[in-house]
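Presented below are the structures under discussion, each in the form of structure tokens.
In the two assemblies presented below, subunit A is common to both, partnered first by subunit B and then by subunit C.
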Partner chain A sequence: MSNIPEDLRYSEEHEWIRPASNHVTIGVTDHAQEQLGDVVFVELPEVGDEITRGAEFGAIESTKAYSELFAPVTGEVTEVNDSLIDAPEMLNKDPYGDGWMIRIAPAEESDIDDLMDAEAYREHIENEK
Partner chain B sequence: MSRKPASAENGDHLEEAWRPRPDEPAGTTGLLLEEPLIFERSRTGRSGASLPPAGVPEADASTEIPEEYLRGEWQPEDGIPEVSEPEVVRHVTRLSQMNYGVDTGMFPLGSCTMKYNPRVNEATARLPGFTTAHPYLPEERIQGPLALMWNLEQALAEIGGFAAVTLQPAAGAHGELAGVLMMRAYHESVGEQRTKVLVPSSAHGTNPATSAVAGYRVVEIPSGPEGYVLPETVADAMDEEVAGIMITNPNTLGIFERHIAEIAKVVHDRGGLVYCDGANANAILGKVRPGETGVDVMHYNLHKTFSTPHGGGGPGSGPVGVSKKLVPFLPSPVVARSEGRYRLDYDRPRSIGRLKAFYGNFGILVRAYTYIREMGAEGLRRACEGAVLNAVYLREKLRRQENGGWHLPFETDSLHEAVFTDEALKDTGCTTMDVAKRLIDLGFHPPTVYFPLVVSGALMIEPTESETRESIDAFVKAMRRIAHEAQGSPETVRQAPSVSIRRRLNEALAARNPILKWTPDMDEQLASGIQRGK
Partner chain C sequence: MSDMKKTVFHDRHVSLGAKMVEFGRWEMPISYPNGTVEEHLATRRTAGLFDVSHMGRFRITGRGALRFLNHVLTNNVEALDPRQQGSQYTLIPTEEGGAVDDAYLYCFVPDEYLLVVNASNTEKDWEHLNGFLGGFEDVTMENVTDEESMLALQGPNSRAILEKLLDDGLLPEPMRNSVSTAAVAGTPTRVARTGYTGEPLGFELFVPANRAVELWDALVAEGAVPVGLGARDTLRLEAGLPLYGQDLGVNSQGEEMPLLSTPLAKVGLSFAAGKGQFVGRAALEKQFEAFGRIMRRDYSMMDVLPRMVRSVAVAGRGVARTGSKVLKEGKEVGHVTSGTMVPCCVVEGHGLESRLTDEKKLRSICLAHIDSDIVEDEQMEIEIRGKKVPAVVVPYHLRSEAPPFARPIIFDHEPPSKDLPQGDEPTQVRSLLKKSLENHVWRQKECINLIPSEMTTSPMTSLLSITDPSCRYAEHRSSKAFYDEEIFYYQGTDFIDEVERMLHEELCKFLGCTEVETRVISGQMANMAVFSAMVDYLNRTDRKSEPRRIARIMNNHIAKGGHLSAQPMGALRDFVARDPQTERPAVFNFPVLVENPFKIDVPKTLEMIDEVRPEFIIFGKSMVLHREPVAAVRRHLDDRKLDAVVMYDMAHVLGLVGPHFQEPFKEGADMVTGSTHKTFYGTQRGIIGGRFEENEERYQLWEAVQRRAFPGSTSNHHLGTLLGLLMACYEMNYFKDSYQTKVLSNAKAFAVALKDSGLDVAGDPEIDFTETHQVLVRVGYGRGPEIARRLEDNNIVCNYQAMPDEEGFTVAGGLRFGVSEMTRFGMEPDDFKELAGIIHDVVVSDKDVRDEAKALRQRFLDLGFCFRKEDYADLWQDLHELIG
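Here is the complex of A and B:
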């Protein structure tokens, strides 16, 4: 069973969201990186870009497939983990740490309330099988 | 970097990727001939050619050519390798012996239809009337080639139930683009600007790409629970903004889209058009005429369905058939016939224009036409039946649960290919990729893997009609053996291939740190790349 930290929120598209006081950090879950296999390329938005909940904001390419990333919340991108460009493997090695993707300032706090907790995400993975 | 084949104990396959140095004799193990890059064979001053003395005075390049265009001092990496003639011949011969193709053995690459390319196709393609024809010759001098094109267009139109066919597109995806551009031209001709194209999740991966390149927004629609698209799903997504649907039939699960006529009606009723990806036409040849199921436009892959060379073996060809209302928009020129003479018709004011230099990949057209005439209507029908029978036989034999069986994602009857899941590998630590690599050890080209995306760890197997029952049985036996190995000795599967000339390649490292050009210090680059990769 993959690692699902209790203190994070989760989207149906297998992203984790770590809320802080004025921003949220977004990455992909351990389960997602297991399914993707070796990540070879990560395409991310730029600081200042607006991303919209449910819309595409980037993509991950692995040796298996090219997968689009869908935004779990709406807001402005405040920080991007540029080190993933040179070291996309961080996404496999440390999905909840150095493999984080972007930080955004959410426009709607309620977006976060709609996300799953660890328990609900665990169930979501089970149901997908 | 270690050059000897290291033990597999540390599981690091990179260390095992060894090549002989040019100063080592080319290694042989049984009949596996090792071969370095041609650049590594190079020795300064060695030559494979002896040229006569120049008949004109030699000139100094530095006085004849502006300095900014001169390369400067010659470097081995930007020169031509200096080798003798036998070295060149051995080099390319050995590379050709390392190659594995349908002429060597079973090549069950699902979705790609790697059927055998009959040698008679090569004989006709080499007829001097074809090989010496130049596209700039006047029409009266190329009546033969034009007649062949006209006849091939007629044959493909008859096979698919279309009003006309263009032979211009150079590949399947090129044909898709031609088709979608004709859809766009049609809508514009009736004063409409539509913005979306519907693409089922079981369509070929190129379909959404084509729609996007043609300027449309792609709306993905899910397949139904049985693996085919339901008309109500299409109806829900259909509106006046939709230019059309791109549907692959049979789809990438090998399943026939049984509601195609109903789906076409739903799309037509709202003013849309139906594009059928005909890459899998080999499964319905002589059985279903897509034009009669409501399809407005479809491409064929001559290099799949009509036995012409494929991939590295030759250029592709993606002719497109259209219904009557799309005929005015066909790429220009088209071959026309009047009073028994053939000509190229450029007077096509509503055409989407030219898509390729000259008239398509002509040599491929000769091969496909040969195949069609060799087979005849009944022969094509039997080829289709053979392809489906082989795939269904393989599917039923491989799925038997009591003895290393593989799992199907859908129970629905399938046609020319069978898709399996990775369920049989559950809790073994082995993946679909490991199975593909292990098949190499057992003497088979791996099938398509991880596609279609709607199936977990997909293995997509297409034997084609070229295989005998014996070769399919041998493949099934290999797959069962791998299923057992995954349970009993998973390391054997995870370490595969172990008997090929190259062990497991590190695809992730190759993608993350590609080295695209040989340089004398490549070994150091590789070593540092490996460190970065870790």
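Here is the complex of A and C:
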């Protein structure tokens, strides 16, 4: 069973969201990286870009396939994890830590409230099987 | 997944934690827990183990098998020979010139074939092939996929792993596509040097299904890393190998492609006469013509092959995937057929000393089916998720010719340039003189020179080489109008005329023959002049038709010591015919003894002569420990009344001609070629000797040799070194008895001392390892270059040498030493014993012995076996002063 930290929020597209005082950090879940296999390329937006909840904001390439990334919340990108360009495997090795993808300043606080908690996400994975 | 087929290794995959997927109705591992990237790199760095038992395997037997296979496959089945090349890439063509599948055909024992096809096409292929069976008598085709399992072991450690587990039999000869039958880890195994990874060291193993798991376990225990289908795909993509259904047969758009749209298919295509009207021949001949034109950048037949599958590197950020559009100047020119990010090891250093590091990087590469008029280096764009990413057509992504590693080729990588000293001409002159002086002192006073093909000339030989006529011309040829007198074209040549006649006399005396041609300026040129003369002679009765080449030649294989100057890849290339049956150069190599691969197996060679009926037999090699069996072969030819010309390229051993080593003409050689600067201690030139008498028919061959020397090979035949050579001939004829015995006894003493020091000396210990001036030492697979460099750093100069079972010079595991030069400087058996100890310290203990080597050399600075300048002091002085 994959690792699902209790203190995070989750989207149906298998992203995790870590809220902080004025920004949220976004990454992909352990379950997602297991399904993807070896990640070899990550395409992310640039600082200052606006991303919109439900719209595509980037993509992940693994040796098997490519998967688009859909924004779990709306907001402006404030920081991007550039180390993933040269070390995309961090996304497999440490999905909740060094494998984080972007930080954004959310436009709507309510977006976060709509996300799943750990238990709901666990159920979501079960239902997908 | 329950109704899917499982290979016998299924339990192993599951217990290793593999992710299993469906592939061609089989349940197969896509990757193991370490993941595709690590599996890819493990194959490139160590050895990957692949379960490929899902591939379809058909056994074809019966007297009609060859005819049947020649009809339904594209390659030339007659070229298969378990002794030489037991496997080949091939394709199953359609009548329209498309591909039903691509495949590998194996022949481990005569008249029995194994066809390996893609798993997903097995049923289709079986039905297709069965459709043709009715037209052939005495052919049986069986599907043996389930009774025999198949594993691939690929990567730099694969050879060592198999060697460790080898109980009986041998691994295949060190050439791609060779095969053997052996027992590996107690399992009867058929082994082939084939694979789908681009690894220069790689094997595919066929084993009875009920014994296969044992073999898997043994290979894993020796360090082979299980690799899934994911990495199998990235490895083959990096190697530029096509996958049926994407890059071959049917493209990523689902469209059928002409077979030669995939350039690699050309390797598997033959129009040999023996193939008759095979399936698709007419269409494929048209494609072949179109392909040739496109390669010549003539696009007049592009309608036949509108698009081709090419290797493409993605220059910008992004991953090209199967189906991505390829654009050139905004216009669609094709699609990506296979593409992904592949990992590679970062390479440190450059050239022979470059090493793969533990660091890895990822690069985005693909194969794309694009317009045939797009050429290498052209800039294109690939549409990746709506973005146009720059890409460039490249010749390849990986090179396999430098074992043990496959080397990634990064399209925009430039090797570092070596700096040259800068300055104006006067500055450069000073620097050049200084460096020449340093080099001379180093090689002549501080180094132990052990390269067997090198020699220091005596002071008088050296001096004469640079006196006048060193800057002159003296072209001449004999004329029948003047009773075969030599007619010179220029004035001022009376002296050199006399020198050449004296040289002729001295060399005839030395070689024991009647004719010598001395105008060739190297051993290689001597060989080329003889080969060219052979062609001239063979065509002597018909001067109007296109001349034919030498039909069948026997020689030493390059890996067994044969020199490039008598190989199809070297000087023989333009003179040897192609064997119509195998479509390879019609060269047949002397069989060698299994227990001593440095020695020709005489009984087997005589059998081969009866079978091959060669027109031309070439003895001689550059890795040479033994005499060549000239007398035995001559006797056999005479007994059988076979008309073959026997040549002995004595290159290395020319200076040993005589009763202590071998007398080639007494033994029955027709011609001897050689270079005059190895054991023969003359200037750097070549010679050709012949035994022909003027009254015999064969004398026409000798006349052809003279014509092919001049005007065929040289105009200016380097008169200075010719003069020097005459001096060396006097020295040789005068001193040869003591010189030759000393060289031969020193070589044996050196070999024994190296062995006693603990080093692994190659050859037969019964004869003290060598019958020549050479000694060979095994230092470990692939370690030759590094150790030879280390010895050089310690003032001991030799060369690294690939041993008979090794794949090439980059994995050379031997050192080659020659004692002749240091023998001339006075070294005796005890001195070579001392030297053996010093060499041992470098090879085994990596000790710094520079001072010891230098000190040893300082005791041997005086060149012997030559006339002393002191005895001719007056003339020496005058000549010396005149030079400068």
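Points worth noting:
We take it that the second predicted complex is superposed on the first by the 129 of 129 C-alpha atoms of A that agree within 3 Å, B and C clash if a C-alpha of one lies under 4 Å from a C-alpha of the other, contacts with A are read in each partner's own complex, and residues count from 1 in each chain.
The rule we apply is simple: contacts are C-beta pairs under 8 Å (C-beta built on N, C-alpha and C of every residue); 3 or more make two chains touch, one makes a residue touch a chain.
In this text the structure is predicted, and so the values were computed from the model without any measurement.
By the touch criterion stated above, A:40 is placed in contact with subunit B and with subunit C alike. In the superposed pair of complexes, A:13 makes contact with neither subunit B nor subunit C. Contacts of A:76 after superposition on the shared chain: neither subunit B nor subunit C is touched. When the shared chain is aligned, subunit B and subunit C each come close enough to touch A:88.
Once chain A of one complex is fitted onto chain A of the other, the partner contacts of A:59 are limited to subunit C, with no touch recorded for subunit B. The wider contact with subunit A, measured as residues touched, comes from C rather than the other of subunit B and subunit C. Note: residues 37-38, 40-41, 61, 63-64, 88-89 of subunit A belong to the subunit B contact set and to the subunit C contact set alike, using the contact criterion stated above.
By the touch criterion given at the top, residues 37-41, 61, 63-65, 88-89 of subunit A touch subunit B in their complex. On subunit C, the positions that touch subunit A within their shared complex are 19, 30-31, 35-38, 230-231, 234, 317-319, 321, 340-341, 343, 361-362, 364, 385. Within the complex formed with subunit A, the residues of subunit B that make contact are 431, 433, 450, 453, 507-508, 511-512, 533.
Within the complex formed with subunit C, the subunit A residues making contact are 37-38, 40-41, 43, 59, 61, 63-64, 66, 68, 86, 88-89, 92.
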